[in-house]
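Scrolling down, you'll hit the structures one after another.
Below, chain A partners chain B and then partners chain C, in two separate complexes.
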Partner chain A sequence: MQYYEKAASVSTPWVRLDPELGRIDLVGESYPANSFEFYQPIVEWLSAYLALDSVHPVHVELELSYVNTGSIKSMLDLFDLLEQAHQDGRAVAVVWKYDSRNQRALETAEEFSEDVSFPFKTLDTFVP
Partner chain B sequence: MKGLNLWDLRQQLDAANILICFNGPLSQSIIEQLGVAVRRHLEGEALDEGTLYDVFAVYIEQSQNIQNYTAKKAAEGIHASPGSSGVHFDAATIAIGRVEPDHYLVTAGNPVAKADLPALTALLDALAGLDADGLKALYREQRRKPRTGSGAGLGLIDMARKASRPLEYQVREMDEHTAYFHLIAVI
Partner chain C sequence: MSSPNDPSPRLAMADSVIAQRLARIAQEHAGNPLLPEIEWLALQYQRLQQRFDKITAISDRLQGQVLEMNKVLQEQVISDPLTGLMNRAGLIERLNAECARLAREHTPFGLLMLDIDHFKAINDAFGHHVGDQVLVDVAATLRQHMRAYDVFSRWGGEEFLLLLPAIEADPLLELAQRLRMAMHEVQVHGVDNAPPVRVSIGLYLCSVEEDAAESVRKADSALYQAKKRGRDRVEIYQGE
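Right, the complex of A and B next:
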């Protein structure tokens, strides 16, 4: 499995896919011109990681302050893979970090968590 | 040749309380840079985070809808209207302004093939009749649908959820095949 890292841009998050840790990180904002193209390598990486074996856990850390509707569709593809892995008995967990001054980021996270049955935690990062 | 009177144009934009206006072919970098400028400006107005987010989000969805539509037309091999106006499909107009002390206008116009209009206006008319729960239900249903067509559906529902009143639109004929479609969202 390949380690993958991509720097953030104005409209795309920092991405890190670490097979050693079984961990995915996405940090930043997500509104690329072509969200399908941007998320495709991430979806493929996760598929390949899940196909390696059925025991290694997956931990996903998201800190996305803005996600456009195109990216939301692609992220659902990721969550579908995670949900299936969880149904198959694998340990899957998602932590979504947000700043409580921006309630919309929390709403975005909650609308994802409503669709899944694996552990999905939202974490407020704002320090008053 | 009739010259452009920038002073008149500016007076018109000022009278409508427009903060930022763009007219021309859109690109991802223009969308990003205008977005950054809009945000800086709104942060300067000490807007609460929620409103700022919604104005930015609706601006992104509107401009990317136009960009996606242009790309879809280009993929069909159509870059400009086949009608007498010959207008290019990438010719967009976007404006962001303040309409009332606590409300912001995010509006965009672009040439649309008349054949593509009925589906668009039917969706907008349907959205206007839905309350917050109805919009949420439709949003959840739509985001599960496979990517087809222009993909404008989810973006429009998202805008309708963020707007403080139903989305409005205007249609003006440009030539026998093409109309200028103008979408109006008030946050």
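Right, the complex of A and C next:
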């Protein structure tokens, strides 16, 4: 499994996919011109990681201040993979970081977590 | 009853419509080995539909968030953080609109330029925090005396510019005198031995088509006269 890291750009988040830690990080804003192209390597990486074995846990940390429609779709695709892995007995956890100064950020997180059964934790990053 | 080939104006079919169709197909084609396949496809369709609804809901919410943020930013761009009044950029925008209205409807408007007398001396003698408090209290007094549709701004430093739509010369003068007198009553908040607040006011009644900058210049010129003639007074622009 390849370690994958991609620097943030104006319209895309910083991405780190670490097979050693079984960890995915996405931090920043996400409105790529072609969200399929941007998310495809991440979806493929996760599929490959999950295909390796059925025991290693997956930990996902997301800190996305803005996501466009294409990114929402890709995010839900990732969640589908995670949900399936969780149903198959793997330890899966997602941490969704948000800024509480943005009144609707928590609602967005809740909307994402509605249909999943794996542990989904929201974390307020704003320090007053 | 429509067939699956009907060109439908709606892309999405409600769950109930699908359920009805499935029931009908199951009845008409009982025992057909393709039935489970059709049911499976219908389920996939429903899932796709739900996913689409979810994406739309989240997207709409985020869009709303962006609009709210834009509104906040827009407010910040046109307001003065100390007094909470509109700033110069905000007033210029409204003044341009009022000039355009005058050209169209020939409704005169008034400009009232107000400057706190000896403000530098207040800052020097009492400190900038007292100067700031004077600005805040003057702004509050302005707020109390204005009509709902008047626009008032901190024009810069200790200068305030008020835009008074649909007004005549006499009420404009009366309002200015009332404001000037009201400032005599200002008690600067939280300051012992606070300095008295006095203001000079320049007025301009704009009744002919001209650009915004020119009308402001005339109000400013009247203010200059008020300062020159001894301060704590009101002057109306009479031409140069």
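As a convention for this text, the second predicted complex is superposed on the first by the 128 of 128 C-alpha atoms of A that agree within 3 Å, B and C clash if a C-alpha of one lies under 4 Å from a C-alpha of the other, contacts with A are read in each partner's own complex, and residues count from 1 in each chain.
Just so it is clear, a residue touches a chain if its C-beta (ideal position, glycine included) is under 8 Å from a C-beta of that chain, and two chains touch if they have at least 3 such contacts.
Remember, predicted model here, so these are calculated numbers, not experimental data.
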item	value
Clash or fit (per the criteria above) of chain B with chain C on chain A	clash
First, second, both or neither for A:Ser47, with chain B first and chain C second	neither
First, second, both or neither for A:Phe112, with chain B first and chain C second	second
Touched partner set for A:Ser11, first chain B, second chain C, both or neither	first
Chain B versus chain C as contact partner of A:Gln84, first or second or both or neither	neither
Which of chain B and chain C A:Arg104 touches, first, second, both or neither	both
First (chain B), second (chain C), both or neither touched by A:Ala33	first
First (chain B), second (chain C), both or neither touched by A:Ile72	both
Identified clashing stretch of chain C versus chain B [37-45, 73-81, 145-153 or 181-189]	73-81
Residues of chain A at both interfaces, chain B in one complex, chain C in the other	66, 68-69, 72-73, 76, 102-105, 111
Residue numbers on chain B that touch chain A, as the complex places them	28, 31-32, 35-36, 49-50, 53-54, 56-57, 60-61, 64, 67, 140, 143-144, 147, 151, 154-155, 158
List of chain A residues in touch with chain B within their complex	10-11, 31-33, 36, 66, 68-70, 72-73, 76, 99, 101-105, 111
Complex contact set, residues of chain C against chain A	51, 54-55, 57-59, 61-62, 64-66, 68-69
Of all residues in chain A, those that touch chain C in their complex	66-69, 72-73, 76, 102-105, 107-108, 111-112, 114-115
